[in-house]
Amino acid sequence: MNTSLGKLWDTWGITAILLLLLAVAPVVTPDFFSLDNAQSVLRESAYLGIVAAGMTFAIASGAFDLSVGGQLALCSVVSLMGYAAGGTALAVAAALATGLACGLVNAGLITRLRVPPFVATLGTLFVFRGVAYILTQDGPKTLPYDQIGSPFVKIGGLNVAGLPLPFVIMLAVYGGAWVLLRRTATGRRVLAYGSSPEAARFCGISATRLRFFVFALVGLSVGIAALTYITRVWTADGSAQDGFELKVIAAVVLGGTSLKGGKGTLIGTFSAVLLVSVLNDMLVSQGVPSAYQRIVLGGVLIVALTIDGLRTRFAAPGSLRRAVTGQGGRTPRPGLAR
Amino acid sequence: MADTGTPALLRVDGLTVEFPGVRALDGVHFDVAAGEVHALVGENGAGKSTLLKVLGGLHRPSAGAVTLDGAAYRPRRPADAVHAGIAVIYQEFNLYPDLTVAENVFSGREPVHPLTRGIRYAEINRRAAELFAVLGVAIDPTAPVSSLTVSEQQLVEIAKALSVDGRIIVMDEPTAALSADEVTRLLDVVRRLRAEGRSVIYVSHRLDEVFAVADRVTVLRDGRHVRTVPLAETSTDELVRWMVGRDVEALFPRGDAVAGDVVLELDRVSAGRQLREVSLTVRAGEIVGIGGVAGAGQPELSQVVFGALPVTGGRMLLGGAPYRPDGPADAMRAGIGFLHEDRKAAGILPDLSVRDNLTVSVLDKVRGALGRLLSPAAESGVFATYRDRLAVRATGPDQLIGQLSGGNQQKVLFGRALAPGGRLLILNEPTRGVDIGAKVEIHQLINEITAEGAGVIMISSDLPELLGISDRVYVLAGGRVAGHLTGADRTEENVMTCASTGRRIFSPEPVS
Amino acid sequence: MTALLRRAPLVLPLLTVVIVLAVATDSFLTGGNIENVLVAAGIVALPGLAMTFCLAMGEFDLSIGSTVSLAGVVCCSALIAGQPLAVALALALGVGAVIGLANGLVVTKLGVTPFIATLATLVIVRGVSLAYSGGHDQIISSAGLKYLVGGRPLGVPMPIVLVVAATAAAWWAMNRTRFGRWVCAIGSNREAARVSGLPVDRIRIAVYVLVGTAGGAWGLLISSQLQKGNGQLGLGFELDAITVVVIGGTALLGGRASIVGTVLGAVLIETIRNGLNLLNTPPAYQRISVGLLLIAALALKGLRRADATAIATPAREAATS
């Protein structure tokens, strides 16, 4: 493939597919572009999109965070408890602080205890969810209906110039994330580390600090996402958003960020999130049961990964192992690596 | 032993191997008789490894022929070599550390009980023990390979070769990581193999070993055959001359250095077992070369100075002040640049652009008016500066570095190393894998850098380069400084002597 | 004693937990309760044994929880449709084998990272299971299927009989046959395995089929126990299966496997679950305890490895530079 064309496709390919899908959407769903439906799709995409922005950093750095589903449940539950205890301000602070704390726990396990990222976050997925379950033993936490006028509830319900506030928040997150990834030293270091951890070491990049940054960022993004999520569904318990982590990873990979690290495209992630939401909306409007939606999602992911796999087949040996284990970039030397 | 009358067991004729842009082997010919230990020597890049890989079925020759026992030998995969009775023991072993010694020796060929499908452990343990008895060593066949020392792992590889009845056993630098005792033991094993009637192709940098164990020697240089002679008819000096065989002065001009103040001083610095009590100095405007055989501690020395490897003893001074870097970031802040010897694995950031690869070492300095944000203009400025200065040939700042030639990649990495301030540069194998044109450019560049007052530590396994452009040369052996050569003492013979024979040569300190 | 502890390091924590529970509760050390623990351990050890091969190879199969669900749904709906038990059992195991084959092919032929490939399979198979069951319980009443968990040949509960047989077979296969040794060889040094001509891809596919089939068997046991199939069954089971293997001492990056350790790991986990139940802790704590156990087991290994490499690398590095 022509390189510049390939590069263009990496960044904008998914956006092109999204536009194509939007063009046919009204055929399938006649009222697709009605204000109500459009707002609903955008509002629905916000929490997935915000976490996917954080996850783009993790995957670009060559790791992923499987605990985001548990984090989302926990942040939502804690945020609702915060609201009950101290109103909007405490609810917001609780969600953000919980997300950040979850991220720091993950980073600590990975850097200090040297647990490979994906096992660490697989374990914390269950721990975070478990804690959320414990906090909701007496029933799910909910927003009472009489609170409909509170500023907290408005986070999920308000429209700004016709755009749902959650989507506006998502836009702001993507703006900030883009600047962070493309215009700061830290963002560059994330890409450098993901591209070659060993070379990054000799560029003065500290793996420990980088891991802390990335996983804290993912946690923070989940905290923000939880605010848009909880003010939309009004209720949460330990089972909230089961399987969320896969949706997030699917969106990021679909967007063109390579699982082997070193490349991250927020524009691609953004488009992929909208693509998944639009696809979902179309399936729902056609009355496709949620069971089949899972099959479609899994299938889309396999296709995306196969393409990603073919694209990176000639990548350095060991990159695959790195993607799985998150162990540093050094390929274990045959026969002597143990 | 190897009379010309004896029919050759293995004969290599006009062997040529071409890679894109490089001719790694060019019409090489030699032969190995049954029961002969045949040494293969030459400088790095002479083509020894390529030759071994052809014999082992990993590379295919573009021309020439190999005959084994009178029949054409054309291995297409490693298994073919094994079937033909040629066992190549590479420097990177093909062992399973978690499996037992016997399981490794017989992997893929385990005898099994026809009914239970169980591996006959009694049999493989017994047969492995027999093989080790032949080799005259005591290794427990039931021990996991991970519990063995490197030299024992090597013997497992040799036993593997014997277990398939290898007639020709090829060893690539088998003693690179062995202690003196272990070397003696290995040489005994090689003699036993010969006594068994097997042939051994023995590749080594260490000429003393070659003289101790081999019957004949073939010298390669730049992919070409130089000479094959019985060792009884030659000397170390003669071998070294054949291996070097080139007018060094013409290719590497270096004017008289104007050495300034001491930039870096190492005082009995140790790092684990790899570096022991190394003392050296580097002055401003000076190129200090570090030589030695592979595994003598050169990369460790460079990483200690760059803060990438912790110091376990001794002290360092930078510009006269105590210097204890806590990681490469510290070293870079102190104005030290670093070039890794493995450009592909630990040098380039393959997914990033040429510009990003360059500025990654100065991200704190390419910030714009907005304070913490990177400034694309400043980054492009840095890129333009070094592109012009280093004559980097790239289509533009956004081109991925992986698309550049090796020489241009290396220039970008030079820029990365220079950007932090150019007070001291640590260059590991600065011209490895680059073509001759880029090599000359890089040498001129190093000259310019020192003319501007930087101190340079240059590690190179390319002897002519090391001697051609270094003002002084330290030779490492076994992690220690085995020689310090200045002025007229900087000869390839002296470097080889220090590196390979264990003799120590120290030129008198110049009066400063 | 020290030799025993080195070979089976779980004995000590297991004894500790048993003693604590014996003191803290009245009912733990009763015959009926011990049997409950062992039956539960047997049910999770069975897939754990298959998963041991997967981890020994340095890979993972996360899809097993969904396989459990689909196999149960398939078996139950076959029984409801009036099929004989043998057909229902074969269908369930066959479904598991096919899922395993699919995983194996995606991983070897398409080159997708095992971890992600099986994560996707997890979602797809769960979707298939939900769609196939229509989201409802497939309630059955089959004495034959019930026998899988409830039967007592010679007075011994059936799951214990099954797991003893499976453990013996798995131990033999892992430690005494070419298949098991090649699995460890691949996990130990995949490049060397390829270069020395071991049939790497075939072995990998075989292992995924093994795990898939074991997932099918697991589904049968669960359906036997509950007398129903359901698209929601088996949620999070993949973590259980992997955790018993990892805390049992099988190396996460492959190469070394401990069959007995896996069984002990299953007993440890089920003892803790049982104890938490007896102490009236809510189910959520059980989830947390499994997650924490997994992290703790790996953290201990990670720290030990860090120590080991700090000492061991110099000589080894030098050997290859």
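Think of it as A, B and C in the order they're written, each chain with its own count starting at 1.
In this text, contacts are C-beta pairs under 8 Å (C-beta built on N, C-alpha and C of every residue); 3 or more make two chains touch, one makes a residue touch a chain.
Fair warning: this is a prediction, and the values are worked out from it, not measured in the lab.
Colleague: Can you check which chain pair, A-C or B-C, has more C-beta pairs in contact?
Modeller: By number of C-beta pairs in contact, A-C is the larger.
Colleague: With centres defined by CA atoms only, which chain is the most remote from subunit A?
Modeller: Result for the farthest chain: B.
Colleague: How many Å are there between the centre of subunit B and the centre of subunit C, using C-alpha atoms for each centre?
Modeller: It comes to 45 Å between the two C-alpha centres.
Colleague: For subunit A and subunit C, what's the span in angstrom between their mean Cα positions?
Modeller: Distance between chain centres, rounded to whole Å: 29 Å.
Colleague: Among all residues of subunit C, which ones touch two or more of the remaining chains?
Modeller: In subunit C, residues 188-189, 191-192, 255, 316, 319-320 touch at least two other chains, as defined above.
Colleague: Two or more other chains touching the same residue: where does that happen in subunit A?
Modeller: In subunit A, residues 333-338 touch at least two other chains, as defined above.
Colleague: Give me the residue numbers in subunit B that touch at least two other chains, ranges are fine.
Modeller: 92-98, 150, 153 - these are the residues of subunit B that touch more than one other chain.
Colleague: Hey, which residues of subunit B end up touching subunit A in the complex?
Modeller: Its residues touching subunit A are 92-98, 145-146, 150, 153, 306, 308, 327-332, 338, 340, 344-352, 356, 359-361, 363-364, 367, 372-374, 400, 403, 416.
Colleague: Could you pull out which subunit A residues touch subunit C in their complex?
Modeller: Residues of subunit A touching subunit C: 109, 113-116, 118-120, 122-127, 129-131, 133-134, 137, 238, 242-243, 246, 249, 259, 289-299, 301-302, 305-306, 309-310, 313, 317, 320-321, 323-325, 327, 333-338.
Colleague: Report the residues of subunit B in contact with subunit C in the complex, numbered from low to high.
Modeller: Those in contact with subunit C are residues 77-79, 91-99, 103, 107-108, 110, 112, 116-119, 121, 149-150, 153, 176-177, 272-274, 294-295, 299.
Colleague: Quick one: in the complex, what on subunit C touches subunit B?
Modeller: It comes out as residues 172, 176-178, 181-182, 184-185, 187-189, 191-193, 195-198, 251, 255-256, 314-321.
Colleague: In their shared complex, at which residues does subunit C touch subunit A?
Modeller: Touching subunit A from subunit C are residues 58-60, 106, 110-117, 119-124, 126-131, 135, 188-189, 191-192, 231, 235-236, 239, 242, 246, 252-253, 255, 282-288, 290-292, 294-295, 298-299, 302-303, 305-306, 316, 319-320.
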